[in-house]
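Structures follow.
Okay, so subunit A shows up in both of these, paired with subunit B first and subunit C after.
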Partner chain A sequence: MTEGDGYNLRLYVAGQTPKSIAAIANLTKICEQHLPGRYTIEIIDLMKDPALAVRHQIVAIPTLIRQLPEPLKRIIGDLSNVEKVLIGLDIRPT
Partner chain B sequence: MPESDIDPNPPLFDDAEETVQAIHRGDVDAVVVMRSLEGPQVILLHGAEEPYRVLVEQMSDGALTAGPNGVVLYVNDRLCELTGCSRARLVGRDLASLFDGEPPKLVPGVTVEATLLRDHDDAMPVAVWSRPLSIGDAVATLVRLTDLSLHRRAEQIAAAERFARSVLEQATDAVVVLSPDGHITHASWRAEQLAERPPVGCTFSEAFPLEAQSTEEISTLMRFSTESLDTILATKPFHGVEVRLRSERNANSTFLLSAGPLVDDHGANVGSIVTLTDMTERKRAEEQQTTMVAELNHRVKNILAIVQSVAAQTVRSSGSLENFADAFTGRLKAMATAHDILTHTRWLGVGLSELLAAVLAPYRSPDGTRISILGPVVLLPAQAVMPLSMVIHELTTNAAKYGALSTRRGNIEITWQASGSGTNRSVELVWQERGGPKVEVDPTTGFGTRLINHVIGHDLDGNTKAYFDPAGVCWTIRFRIAGPADGRAAISGSPIA
Partner chain C sequence: MTTKAHAGDLLTLGKSATGIRGLDEVTQGGLPQGRPTLLCGSAGCGKTLFGMTFLYNGVVEYDEPGVFLAFEERPEDLIKNVGSLNYDIERLIEEKKIAIDHVELERTKIAESGEYDLEGLFIRLGFAIDSIGAKRVVVDTIETLFSGLENEQVLRSELRRLFEWLKAKGVTAIITGERGEGTLTRYGLEEYVADCVILLDNRVDDQLSTRRLRIVKYRGSAHGTNEYPFIIDEQGITVMPITSSGLAHDASTERLPSGVPDLDQMLEGKGYYKGSSILVSGMAGCGKSTLAAHFADATCAAGHRCIYFAMEESPAQIVRNMRSIGIDLQKWVDKKLLRFSARRPSLYGLETHLATMYRDVSDFDPAAVVIDPLSALLSGGAAGDVHSMVLRLVDFLKANGITALFTNLGVGAGENAATEVQISSLMDVWLLLYNRESNGEHNRQLYLLKSRGMAHSNQVREFILSSDGIKLRPAYVGPEGVLTGSARLAQEAKDEASVLVRQQEMERRSRELERKRREIAAQIEILKAQLASEDAEADLLDREGVAREDQLGVDRVAMGVNRQTGGKSDMPAPKPANKPKT
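Up next is the complex of A and B:
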């Protein structure tokens, strides 16, 4: 993966809430299907360190942030709607 | 908070609207609220889950949640500790990749064993328990991993303890384990038999009061007070001191006292192992061997002296070389017979009846009428066998040449009585010949008679009396059968007058 075509994703969760768990599962699945080898996922548990919410001004959990490629995009929810995620993050299938 | 950590692009209005709508739709289950003093704080919209979350985070077992495709969705802190991996490295991985070799087959509610991979190619035995879990609409699996290393270590320690106990039980020596303060913590079966009281919990000197064997060892033991002996045994190597136990039950036993350090896995001294090896039999064998070597030297010298003396006297009393050869050979044969008997009985002595039968065997008739041997059981000590054998040989030779055994109808009756006890025990033996040629008193005393008198008088502390009845000669021979004080053979090599 090169910096140019890679997806750098950051998922903010709150411990094991159902939506958080579902968001992790859904995101992993979507990336494996549509971005194999082209993504990195960073999972931030705000239950452990709420201060990390400040950087991306997270209000609702779970929230997915696409850091790269720019521009920054965000999707709120458990990412169960695959189509919405693909469109929202402007993911181009390989 | 550093300004650089704040996203330079604040959420747009449509982001705020999207957030509100997401909350309204129920797409989120937690929100972050800003508080001026405490900073950001996460508020769970389903607050009842919080106690469970804390419980899972604090539990001593590792825990994870895996999605239906086996992807790890959540791990608690303990699992991070067990694997040595950060949460970020664990979440998103395939559950099977956490294990070494074949991943465990998860059956709801059943505990199976597996090997958990740790960072740096390390591994750890774990018990794996699982059950299905519904999180909202998603189906997941809750997995609990319990560290079995301590359990395995405890099992190994228990096995080592059983092994050590088994060794102690099987040991033929008395073995005890001392703590550094000198108290017995373990004792073998033999040690429990020897101890004056149940040994575990006592100091060594309480359980095994010692006496030294020799002056040198007394000084070795006396260098220590009872307390310091216990301390020395518990902390220093201690070897090769022969001791006796101060107890009536073991009064005649000798032990070798040794002690060696007991160290733990890190080489630290945690006490000592003390052994008491029973040397009684070994000492007895050594003493017996020393005695036997001394006796052998003594006997060889005696026998050579006797042979020399008998040869010289036989030469003097023999008219011809042929006579000498016969007489000397016969006497040597009597000595050899006695020696054979002693060897056969390991120099422990022989019955008088057996000695007579062995020496007189060539002359006895099949029906036993020519020579009768009759008397109570008398055990001759080893030192009496050789001289008495020679005496019997001389009497027999005389009877064969001149007495009852020189005719076909002659016979000899040998009887005896024993009297006294201890060092005064003696035997009176009567040698009665009948049916031989008419006996005439011989004014000269032959070498055979002189030998009989000398041996009985000098070697067996007795006396002889010969009665020359015309019908047959009768010898009455009295001799002691108690051994000398030093237990050595009493055959002398002094010349026969």
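Up next is the complex of A and C:
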């Protein structure tokens, strides 16, 4: 595993809504399955820091942003469609 | 210009004044307070500017901070765009009076997977509102979301939630929307925002675009229902709130001089009524502008303000031309009593002109205006439009007690032109200027066709432009007909000559009489002299007779003496009585 392979993911949620909870669960599951040991997930609750929503241009909740590797990628939704998440994050199924 | 919101008035809906000239009158106070208003219109009709003006005025005039949620333009661009209107948005952002949040959405950069909502947008908006204590919000243009996100169902339910949320927040909001085919907005936002809908429009007729505004709906409030023209220029947005409903203006008995003493004479010696509308019509070159300049000059000389709307000549040209007849308009311009507002009629449509005039008049607050010529504007629209525009202008000016002088270039048969017929009924005074050809020359004539509310002269006057202004001469009316110009002069000369002849004849006859009288008097003198000499003769005769008797007596005595004494001559001759001895 090289530096460039690491996935730095940020998930923006707004409190403990069903969609947020589902998104967190779905994301963790996908990462464990496809990127074991190669990822970090940061969960940001905009309810606690709304200024971040402005700074990071968040409109929809939940929003997943792939910080690394470049380029930046955005996926919105509860991430229930695994195939779309994989395409969105540019992860080839292993 | 603006009315404060009816805050605290329980019976009526609270209103948030926009501070946009005219709009607050049309909406009778402003936008519904604490509710969203939908502002729709096609691209380029000024929605964003409207929103920004609403926020800016809110801060500057009503101390209500505002949030601008921009979907289309970046904050830098927004600030730059309204900088031309002298809106210092940057300063207000620093002072935490205005917050701008730009929402970037690009479909190609966003993948969708599963369910989502727009809570992020709510959080951002809520954050912005809370950070500055905003009372006003502009969302421009939220429909961008439809092209940024796939799930229309989610969007629709979220939009509904957004409007409810804004209402719950108690902010007065403007939501802008792009005009759709056959609907007010492309995505039917009017379904969600039901309190107040304002439609902006920018129509092009005859290559001239005119901006118009209409209140489509205003729940819980009376409002003007017409299309009102509005303008956007360096002074911001001005809506022309004029309708022709009011006919309740005061009628002043005050008079304003026309600037031509001879014309004042025709108007009961006092001039026009204050607040009346005067139409001066005539062919090219009959002196309409000159008459108008006289009026402007007289108004300023009386210490009143006047606006001269010049449609055909530049101010410099008017000033120069009027100097040739002894009117110095420049000095009034320098004293800020006279303002020229020169615009080519083709610059914009009729209604835009109307709105501009409205703005100028509200700014300058003149006692009189001159529109020279009105006919230049008339080419800008259909006859019906012209009538309605002039009507609204006249009503507006009358309501403000402003005396207006319109010049009108009569086409073809001068006084019969169709537009004039339409306009003239709105006018209180109608002056007709002719330029009649006779004997190889054109002469100007003036006729006061009507003048409401005063006993005016019915005479046709000859109208003379001299180096010290307009002079009116009574036209020659005699057995030869009505004569003007050199024909009048010739006739007057002829008349003068015949008067001279008659005078000379009179003098001759009176001399003759005098001579005869003197002759008779002389004869009387002669006869008197004769009589006197006859009298003298008679007297002489008398005296001669007495003398002779005496002599005879003396002679007889002498003879008697001679006979007695024989010649004693030393004896006194008389004493014949003492001779009784003989």
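Keep this in mind: the second predicted complex is superposed on the first by the 90 of 94 C-alpha atoms of A that agree within 3 Å, B and C clash if a C-alpha of one lies under 4 Å from a C-alpha of the other, contacts with A are read in each partner's own complex, and residues count from 1 in each chain.
One rule holds for everything that comes next: a contact is a pair of C-beta atoms (placed from the backbone, for glycine too) under 8 Å apart; a residue touches a chain by one contact, two chains touch by 3 or more.
None of these values were measured; they are calculated from a predicted model.
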Query = Can A:28 be said to touch subunit B (first), subunit C (second), both, or neither?
reply = first
Task = Look at A:38 in the shared chain and tell me whether it touches subunit B only, subunit C only, both, or neither; answer first, second, both or neither.
result = neither
Ask   = For A:87, is the partner it touches subunit B (first), subunit C (second), both, or none of the two (neither)?
value = second
First, second, both or neither for A:59, with subunit B first and subunit C second = both
Inquiry  = Contact-wise, after the overlay, does A:50 reach subunit B, subunit C, both or neither (first, second, both, neither)?
reply    = both
Task = Check subunit A for residues that touch subunit B in one structure and subunit C in the other, and list them.
result = 14, 17, 19, 22, 46-47, 50-51, 53-54, 57-63, 74, 76-78, 80
Key: Interfacial residue positions of subunit B with respect to subunit A in the complex   = 1, 5-7, 9-11, 15, 18-19, 22-23, 25, 27-32, 39-42, 44, 46, 49, 53, 56-57, 65, 67-69, 71, 73-74, 87-88, 91-92, 135-138, 140
Ask   = What part of subunit A is in contact with subunit C in the complex they form?
value = 12, 14, 17, 19, 22-23, 26, 46-47, 50-51, 53-54, 57-63, 73-82, 84-85, 87-88
Message = Per the contact definition, I'd like the list of subunit C residues that touch subunit A in the complex.
response = 101, 103-105, 109-121, 123-124, 126-128, 145, 148-149
Subunit A - residues contacting subunit B, complex = 14-22, 24-25, 28-29, 41-43, 45-47, 50-51, 53-63, 71-72, 74, 76-78, 80
